[in-house]
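Please read the structure below before turning to the comments.
Going in written order, the chains are labelled A, B and C, and every chain counts its residues from 1.
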Amino acid sequence: MKKSLMALAFLGAFAGVAHAQTAVQIYGNLDAGFIKDTDKTLSIGKRAANTLGFKGTEDLGNGLKALFQLEIRYEPDTGTVESNSRPLFQGQSRVGLQGDFGMVRLGRGLTPMQETIGAFEPWHGLPTSAGFYTDVEVAGYTSQPLDPAGSSNNRWSNGFWYNSPANLWGGFQVNAAVATKEANGGAALVGTGTSTAPQYPANSEASANPFSLSATYNNGPVSAMAAYERNAVETKFWSLGGAINATPDLKLMATYARQDQGHTFAFNPRTKAWVLGAQYSVGPGKVLAGIGSKNPDGAPKTKQFSLGYEYSLSKRTYVYVDASRKKDITGATHLLSNPSTVNHYDVGVNHSF
Amino acid sequence: MKKSLMALAFLGAFAGVAHAQTAVQIYGNLDAGFIKDTDKTLSIGKRAANTLGFKGTEDLGNGLKALFQLEIRYEPDTGTVESNSRPLFQGQSRVGLQGDFGMVRLGRGLTPMQETIGAFEPWHGLPTSAGFYTDVEVAGYTSQPLDPAGSSNNRWSNGFWYNSPANLWGGFQVNAAVATKEANGGAALVGTGTSTAPQYPANSEASANPFSLSATYNNGPVSAMAAYERNAVETKFWSLGGAINATPDLKLMATYARQDQGHTFAFNPRTKAWVLGAQYSVGPGKVLAGIGSKNPDGAPKTKQFSLGYEYSLSKRTYVYVDASRKKDITGATHLLSNPSTVNHYDVGVNHSF
Amino acid sequence: MKKSLMALAFLGAFAGVAHAQTAVQIYGNLDAGFIKDTDKTLSIGKRAANTLGFKGTEDLGNGLKALFQLEIRYEPDTGTVESNSRPLFQGQSRVGLQGDFGMVRLGRGLTPMQETIGAFEPWHGLPTSAGFYTDVEVAGYTSQPLDPAGSSNNRWSNGFWYNSPANLWGGFQVNAAVATKEANGGAALVGTGTSTAPQYPANSEASANPFSLSATYNNGPVSAMAAYERNAVETKFWSLGGAINATPDLKLMATYARQDQGHTFAFNPRTKAWVLGAQYSVGPGKVLAGIGSKNPDGAPKTKQFSLGYEYSLSKRTYVYVDASRKKDITGATHLLSNPSTVNHYDVGVNHSF
């Protein structure tokens, strides 16, 4: 029987508090620093993505758990949501169940490929220009080509995720996601069409369900990965990676990736990329180093070399400094409007909470 | 005397923590599932509104309390705020006082009519297409016709709310709200004017103060409601409803509603609607069933039949499945551009925190 | 060595909870009331800025602390972010370190001048029309003239802040901030140029680094301040202020300020302003009174007189009522399109949490 409205207001609004207090954890991080790029003014910006999140789990009995996670992404230098254009919960918004079978989730989040490859990158997969993750390591690939211009490149809306348990078959884990074909309101993508008859008109549905697969292997000092993804315009991406703790203080890592845009590019659809990286710990400090290359068919090749240092003030707070050089290497007949070499320097602080 | 700025910064920014920790409760829910509608691609979406809220009360002594509530609404499948267009605190943003006299609040929230009628609907007033609340039950009525296009239909900005105590006169409760005439930046509403001289030009103020009244009665297995509301363009709406727990497991409910748009419609201003519903509990499961009709003067009549099932995994988490058919029944000479019958199916999970 | 993805998901997403729970404090306030201004309809709005914030500190040892603060600003009458246009974390988004040397922070927040001068204003620096802070006290000056139209007037993005300890040299504190020249996406500012060749085209960088300095002095019943600021279009602002607790219940205060827009105004670049104020406590009540004047060269002079009363229901909740008159006093040949006198009345409630 319906409770009275007043009682409802109280139950809905002010009771239920006992469980609320224990069910929600707030977490996040704030990273800001000074950045200087070639031909740009000194700026204040970020090295890591900035988050403010809310999450929780509920024990359902029999080893089953319900879980949710909502993660705001923002720009600390201007106070806006990420890029002043992305969804409020750009980080992720997912609900799911977890048990002996692994974990299933629905909503928006990183694709399994993007999540896996970022973990084999010497800058921890951070979006900084000093790192390799957002451009070089993924060979220029984007997971959401039909989404609006302000979207990021590595997430799916309207996705369904599955993660196996961590120690499937002695060290293996498999991760998979598939997204619906739903239109997300993006601009037209010309592709193999024309500007008046684009291959994907504005607000197109996907021509095939995007899917993403990754497998990881962990055994003592060795880890490895393989990933495959196909996005909404049927671009195909695969990657292999490996890492080894050569000594307790030295970790070496490498990834190789290929992107095939044959569905939307009439010519030169392939891009190859590789990244080699190292992390070397010295007391509370860690030296990061990486070199990488992105090589699109018939377009300038990108080469990047980066060096960084992180110094931990505590478990939750570290300061950092990076220097990086990114070069576009072109054939003799190729003209570039952008500067062919960009040097990047940053120094800042990262605080987790 | 003014404290030093440093002290201020610390008092303002980092002290006051002791009370903050006890004063704010975080709550919400995340609901996502698969949806398939006639002639649409399979999608991931919601059945319930999704919320992340912050609320609290303060004991002022003598039975008086101060209270506040701020409630974010969002879309978990894309991570945006609700409909990617609504206010951040679409759920509500209100502050008020509460005591023996009842509760008074200022801000933005559901109108008393909308809150009351939603509680007599078999899908708990959820916004899913399987339910009757957002369209059929309210006879197509909107509480905020002069607000911007992205606004919802059942809330007021700039409102003042009063709720009586729950057990006024043995089972009765009365609820009332009134809004200011303030313009909210909406588009023009042609009404009885012309497109060049609309009855309500863009960013119009209300022509009369919107108000909303509802009364509920609860006595053992029986509950009943009556509600009346007038919006900013003087559309009038009234509704009657009743519910009975026929057995401990079976609840039956019905509402009847009329909308009168005589102030803005030169012809056929009236719409009538009714909904009959049932909820039947079987262990941790609940079967939902409903049938309803919306009948606008001189326009196609809508008929809807829905069947659903909810299964509780815990007090805070349930899974659900729904099937629904909605039909536009037209006179012989009436042409429709939309499909005359839409079938809706969904399956998903709802987790509260 | 890389942890497995599943383990990462759990560590990243669901562990780390122990510290999260203690590291983040939620705080804020909700202020709403009725407002009536000359020639405007009765409205519901705010007297104070409305906030919902997240903040925390971490002890790094040796007297050093890391700190962060993220503060949402919103409009409770409509549920939107502040002005339905400002950044999500309009209040502030800063990270920093604090120790014996004082405090350094990076991000977005009030300038030191704006923070200091607001504390010498009889309405506590609140943005209400009854107060003097946002217009009269600062002589019409804005700290961010090149930011987008929806921005506030008293904050910086891309800033670096330093606050000295509170008791530097027996009662003195100094505060400083500097911002980068980064473009923030604002509209063109004509200045001494023309509409086709504006002095600052759209999305201009600052022509010089904005900076802001303030010093405060506190000694028993006496406090004083001096502040100087230069914004992105090289407008210069300075101010002096003082306050004295004449009796334990009576506080008197005064500020004087000058703005020099010589860099962008060919004629009449100077504006002067003064405010005199008093606060008188009577039990849980406080009477506020102020008179002020803004006097731009060659433009109408503004005079304002205000009277208010605050009554505390508790430490965290008070009700208020204000009456204010603002007059534009023009020379004989000056024509005004706006009403020359605006009366303002408000009554409402302020609740902190």
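Quick note on the criterion: a contact is a pair of C-beta atoms (placed from the backbone, for glycine too) under 8 Å apart; a residue touches a chain by one contact, two chains touch by 3 or more.
Here is each chain with its UniProt name: A, B, C = Porin.
Every value quoted in this text rests on a predicted model; they were computed, and no experiment measured them.
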Requested in this report: Would you pick out the chains that touch chain A and also touch chain C?
Outcome: B
Query raised in the report: Residue numbers at the chain A-chain B interface: does the shared fraction exceed half, giving same, or fall under half, giving different?
Result: different
Query raised in the report: Nearest 5 degrees, what's the C-alpha rotation angle taking chain B to chain C?
Result: 120
Report summary line: dist(centroid_CA(chain A), centroid_CA(chain B)) in Å evaluates to 36
Query raised in the report: For chain C, what residues touch not just one other chain but two or more?
Result: 26, 67, 88
Query - Contact footprint of chain B on chain C as seen in their complex - result: 25-28, 30-33, 41-44, 52, 55, 57, 67, 69, 72, 74-81, 84, 88, 102-103, 112, 115-116, 119-120, 163-167, 171, 173, 175, 214, 216, 218, 220-223, 243-245, 251, 313-317, 348-349, 351-353
Report summary line: chain B residues touching chain C in their complex are 1-9, 13-14, 16-17, 19-21, 23-24, 26, 54, 56, 58, 60-61, 64, 66-68, 70, 87-97, 106-108, 157-160, 180-182, 184-185, 205
